[in-house]
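Same chain, two partners: subunit A is paired with subunit B first, then with subunit C.
Let's look at the complex of A and B:
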């Protein structure tokens, strides 16, 4: 089934305690390559039928209105899943 | 700064209450195009310097060992951020 992927990340100026916790854990476990970590959300929306321009528009609107909190988060990408392209 | 993106999703057989809640909210708000929703996590790992094969390997290991819970989650993608390619 066709899928639309929506990626949501905390805004750069917003503190991200989950990301900070991961960033603190990585070097303790031997992963010293990473300077910082941000944690966001990824949504997979299953679409019945084809992904038309209208479906993509609806996904963008849903991303802005339902899937993200515009005060603290940015919708960084709304894309069609690779395997359905 | 170069970034590695790690996408983590709940395994298909695992109940995803967050996704279910979103899927229930969408049609109430007029978005009837979507049959189901799964919610996962997206991590952005900032890398100091270039993204070498070793950094990518470390990111894959960190994804499997730290960023995901292999009992209930799958690492669906470990990629270099588009804008840094």
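Let's look at the complex of A and C:
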């Protein structure tokens, strides 16, 4: 089934406590290459039928109104899943 | 509204609400009638005020309070709040009110990442709201606090506006338990009828069940005046 992918990230100016905790754990496990981590969310919206412009518009609206809170988060991408292109 | 005894205060239950029964009990102890409201209700059953209680509505799966904001009953609450009805959001209820844009800002995970449960001291900053008129400005009260996503955040412009307009109602005193900006524990809207706070006044309304106070263990009832304040503001209006 075709899928639309919505990626949501905490805004850059919002301190991301979860990402910070992960960043703290990485060097303890020997991963010393990474200076910081930010943790976001990925939504996979399965679409019945084809992904039209209308479907993408609806996904963008859902991303803005429900899937993200604009006060703390940015919708960074609304894309068609690679394997469905 | 003519008499306190006639005040009807609604308490909403969403799937995952935990503190609706305590909130209803607090309303009754304050002297009003507690009216149970269901998340699927289209109207508010003629209540005079609404409490949006704490818990983990819809499991908080998307974000705290995000799905509840779209429950049928919230359409009625948003309309009524914009019309001036007193609305109190406690903990998850506060999160629901920010998601509903009735209050500014948002709550994110506590800065230390842990669930926190403690008897929290609060500094009362604003006593002109529908829910705080029976407190004294500068008073320090103790009510329980328990949350995972209790860190209040907002952009600098919003924080400045809250400060400049006196809309910070409570600040954490002694300890900031979750990293909230400007030690904010609770805020109000411009009109003063909508108040949200992370700590739980409904758990400090009856001696024997509340936090520890000066006169002994579990004797604290500092939370009761939220509810008597609402009744007083209804009687006055």
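Criterion: the second predicted complex is superposed on the first by the 85 of 85 C-alpha atoms of A that agree within 3 Å, B and C clash if a C-alpha of one lies under 4 Å from a C-alpha of the other, contacts with A are read in each partner's own complex, and residues count from 1 in each chain.
Everything that follows uses one rule, which is that a residue touches a chain if its C-beta (ideal position, glycine included) is under 8 Å from a C-beta of that chain, and two chains touch if they have at least 3 such contacts.
Since the structure is predicted, the reported quantities are computational estimates derived from the model, not experimental observations.
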First (subunit B), second (subunit C), both or neither touched by A:66: both
Superposed model, subunit A: greater residue contact from subunit B or subunit C: B
First (subunit B), second (subunit C), both or neither touched by A:17: second
Touching both subunit B and subunit C, residues of subunit A: 66-67
Touch list for subunit C against partner subunit A, complex: 62-63, 66, 70, 98-99, 104-106, 108-113, 151, 153-155, 179
Of all residues in subunit B, those that touch subunit A in their complex: 1, 4, 7-9, 19, 22, 25-26, 29, 31, 33-48, 54-55, 58-59, 61-62, 65-67
Residues on subunit A engaged by subunit C in the complex (per definition of touch): 10, 13-15, 17-18, 21, 66-67, 69, 71-72
